[in-house]
Amino acid sequence: MNFFKRQLAIVVMSTMGFIALSGYFINWTTLRNFTDKDATNFYMIIAGFAAFLGCLNLLQLHLQKIAYKKENWQYSIFTLIGFIIMIIFGFIYNGSEVDMGPHLKDDKSAFYWMYNYIYLPLASTMFALLAFFVASASYRAFRIRNFEATLLLISGVLLMLGRVPIGALIPWWVVTIMFTSIFFAIIASKILNRKVFFLSYVFSNILFIILGLLLDWSLKTPAILSIPAIQEWIMAVPATAGARAIMIGIALGIVAQSYRIMTGRERSILGD
Amino acid sequence: MVSKFKIDQIFILPFLLLVFYAFNFLHNFFVLGNELSFFTILFSCAIIEFFIRKAKNGDDIYMRPISAMQAMEEAVGRATEMGNSVLYVPGISGLDEIDTISGVIILGHIAGMTAEYEADLHVPCCVPIVMEAARESCKESYLKKGRPDLYNDSMVHYVTDDQFAYAAGVNGIMLREKPAAVFYQGKFYAESLLLAETGSSIGAIQIAGTGSSSQIPFFVTACDYVLIGEEFYAASAYLSGSPEMIGSIKGQDYVKLFCMIFILFVVIVSIFNYLNFLSIDISNIFKINIMDGLK
Amino acid sequence: MVFNFEIIGIWFLVLMTLSILSYLYGDNPFYKASEHIFVGVSAGYIFALTWWDQVWPNLFGRLFPNYVQAGFDFNIIYVIPLILGIFMLLRLIPSLSWLARISIGYIVGMAAGLKIYVFINSNILMQIQNSAIDFSKSGFEIFNHILILVGVISGLVYFFFSKEHKGVIGRVSKIGIYFLMIKFGASFGFAVMGRISLLIGRFEDLINYSIEDYNYATPVIFTFMIISLLIWSLKQKDNTEDYKG
Amino acid sequence: MKNYILKLGNLDRRIIFLLIGLSVLIPLINPNLVDLPLGQDRNTKIVYDSISELNDGDRVLISFAYGASTKPEVHPMAVGLLNHLFTKGIKVYIVSLWPESPIMAEQAISAIKESQLFDIKDGIDFVMFDYKVGGFVVIKGIADNFRDIYQQDKNGISINDLPIMEGIYDVKDFDFVFDFSAGVPGNAEWVQYACDPKNVPLSSGCTSIMVTDAIPYVESGQLKGILAGMPGAAEYEKMVYDFMVKEQNNNNKYINLEKDIVKGKAYARMSAQSIAHLLMVLFIIIGNIAYYFSRKEN
């Protein structure tokens, strides 16, 4: 019996895998319909049933917290109130003229009021908090530790500047200085004499600026010296290459993982 | 001789399928227009299967060490030493994403480690169905390590389905429980940064793994170790250590090699096209047909 | 002074927004309360949404089309998810909880079968197709395409698991990492942009609600919160000193 | 001096938070403080040009796939596009793929109506459809058989009674598809399931975070340009604004000549965005100087 209990789930898993896959290739309308629509609908329905378990778990967790007066238990009351109000407005009290069900999206229902004035500001402020965290993350993490980190930093900074109006205002000579600085930062370890290094750095900067003045770069800046153009190039070329490599890699990983699942080799998810 | 025969026989079924497909015996048995994807799937699966069999027959396979995976045990160990818990975040997607499934499988391995070290494990879930799968997988791991007494259902619990409410809830857990090791393994969206930054502010060892390519940079900057893209999917096989699984990774590498060859082939064809040696419209090979059976 | 549901709602909105923002100062009672409210409200919200948008029309709309009009015809095949869903609920009965494994098995298997095709097509074959180079274009564009090609190949080499990163493979994979890093940097830069935009949206709301029409919601709540946070942090300090003493 | 720099390296997060907050807040309260000229991204230009090439009476399918949380980034694009299309007398078909999207679409349309620039009627010049569950399945359905997915419009009128729906059976009957998205389903699904197999031109406006993932499609031409986040929205908005002013002076028959054309929202927000970006770059530079010194110290 125990054996049966274990094997049945694995058999279901393998069969479903092959059925779902074959729907893309076998010309049988019922099967194709299943792969295209029903399979995902089934998932949604099962997940909907599982949602009951989730809600019970939530209630249990917070009631326990309150009952045993665990640390911060007072706040669990807020969770319970919020949850119960939403359930009442979602299933019992309507408040608008439309039927139960569509009332979730009718702007006169009580449910919508809760959505609009409680849920939405909370969700979008949480989202907006990211702006602050992204700032502190970049302050801490964008350090020239090694060559890889430097690349991360350069492409990040150029993107940040190139996509907003301020990027276009950066004059060409700033960009030439930036380029020479990067170049010298890379070869820094090769030149041991500090004086030579420093002098050649200053000299090449002056050289480029004079060259720029002679060629009138301030009037027609070459693309390589305009931040928005560099930003576009980074997006279009190296970042695309990186994205593509990751995409293909991810797909290969998924193919192998799916194959292991479909052939019943990866079954630890079923507790085996 | 015998083993060679065994290896060859795995190609019989795909080959038959291919022949069957090519002739399309029964009238319109197969959907027309999906030839390339059919062939690719068949081919990749056959290669992976081939290496799985090979590994099973005892072939030694070298696997490059991946630091993030070696650090997992270390992180659990450190958490035990400090007497703090281990937090495992399985991402915010449902069980219909391979990322989440991989995350739950890796959770099984981590649960094995916490059972061995007797560390506290805490798994807040975003989707109820993932919670159920995670419980199943944890329970079994504790059982396998002979410590079912350490497992209880409240280790794995539901927070909420909403992306940011979940992030807020997990942040709260991190701030108040101060776990010593935090794992992020699964599908992540914008909340990744919020979680990783809070984790780094409490000084936990953080190990992340995800296939969401736009979130990897945040993990890279805020976490100690990251499994990038493909590494994440391979991790579950790596951690299991069984020859079958390792073999499948080797097979995956070969599929990758063929992908590269295919890319070069496409490039060469485009060169020949330009030089007028050939006139193949490559995009014709790549046509896919999804809906025609659904009229 | 006007009072109606809208005004009350806006006061709540401002309060919730500022409470979450107070997290920037550190973990505090306002944030804890709003976090807990958020968890409860969102769980209830999603549960109602799942029920009315998914289960009700998709399941009952197909099994009992006469009672639940969702625009679907009767479809007997939908008995299967009903059974699997009930299996899921049997989790609550320990002796029958093994049945839930079948539902999980179904979902995992289905996901594997569906994703294998989708990813082979869109992530592998489509990307390979796009690697074709159009040599009739200008020199710079051909150069760009070749650079992309180099990036993709070296990036893939980085992901080789069964070869040690030494010698040629080591060097090529190093180049691969460089391309990946540039991609990550670009993602990071774009994320900064997006997040700041959202913050702008949030602040605009707060600014809009500081006018008289809304009884000066933002400034009033903001001042209230600052004062209570000050009191709270002073109290915290007192407590810790007591503890030390 | 050195000590101060070293201290900067371990700056309290809260100071960074405060500065970022102020850098966004001040330009918002006083928009005239900084006025920066807008640039033109290549991808934005491609979007604008592709829309400009459409003719009077063409049909454009717009898919709304974003919610309130990403509204600041995507919504201005949607309003800008609607302005652009109605100025050219193009018929608009709106579908919603996220539960919150119908609300967003409704708000975008009512913003257009409130401006009183166009004489547009529901069911004749535009039509809206309610949210449908299923994500990419809905997209596949639209690609194959529009009427199988939608039987009635948002007001409950059967599509057989709608004059605008005449001759619409699948995605090929549209001259252009425009997607506004903030996640999944979004532009990738439109490429994969509808527009690429059926060969219908597609363009997208999305949140900035999605852009790096979508850029391979743009490079290969599967997406005709892309509007990237709020800056993309601002650039596009500006182009549309210039176009509308020009058309109004040319006595365009679709624009109400008496009403003033107002600049969009994204444009005004760009100075706040720029200042914040500049501040971040400053942070990064300061952080690196501090890092340099601290490494020297050790």
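To keep things simple, chains are lettered A, B, C and D as they appear, and every chain counts its residues starting from 1.
Convention: a residue touches a chain if its C-beta (ideal position, glycine included) is under 8 Å from a C-beta of that chain, and two chains touch if they have at least 3 such contacts.
Note that the coordinates shown come from a computational prediction; the quantities given were computed from them, not determined experimentally.
By number of C-beta pairs in contact, A-C leads when A-C and C-D are compared. Placing every chain at the mean of its C-alpha atoms, the farthest one from chain D is found to be B. In this assembly, the C-alpha centroid of chain A lies 7 Å from the C-alpha centroid of chain C. Each chain gets one centre point, the mean of its Cα atoms, and the points for chain A and chain D are 19 Å apart. We define each chain's centre as the mean of its Cα atoms; on that basis chain B and chain D are separated by 33 Å.
Contact with two or more other chains is made by residues 13, 17, 20-21, 24, 69-71, 99, 133, 140, 208-209, 211-213, 216, 219, 228-229, 231, 273, 276-277, 280 of chain D.
Multi-chain contact residues of chain A (touching two or more other chains) are listed as 21, 24, 36, 40-41, 43-44, 46-47, 50-55, 58, 72, 120, 122-124, 126-127, 129-132, 134-136, 138, 140, 142, 152-153, 157, 160, 163-164, 235-236, 239-240, 243-244, 246-250, 252, 254-255, 257-259, 261, 269-271. Residues of chain C in contact with at least two other chains: 20, 24, 32, 35-36, 38-43, 45-47, 49-50, 53-54, 58, 88, 91, 101, 104, 107-108, 110-112, 114-117, 120-122, 124, 126-131, 149, 152, 156, 159, 180, 183-188, 190-193, 196, 198-199, 201-202.
The touching residues of chain D, when paired with chain C in their complex, are 14, 17, 20-21, 24-25, 28-29, 69-73, 99, 133, 151, 188, 192, 207-209, 211-212, 216, 219-220, 228-231, 269, 272-273, 276-277, 280. Contacts from chain C toward chain D in the complex involve residues 24-26, 49, 53-54, 57-58, 71, 118, 121-122, 126-127, 129-130, 183, 186-187, 190-194, 196-204, 207.
Within the complex formed with chain B, the chain D residues making contact are 13, 69, 140, 143-145, 183, 193, 197, 209-210, 212-213. Residue ranges on chain B touching chain D, taken from their complex, read 164, 189-190, 201, 213-214, 287-291, 294-295.
On the side of chain A, the complex with chain D involves touching residues 36-37, 40-41, 44, 105, 107, 120, 123-124, 127, 131-132, 135-136, 138-140, 142-144, 153, 157, 160-161, 163-169, 228, 232, 235-236, 239-240, 243-244, 247.
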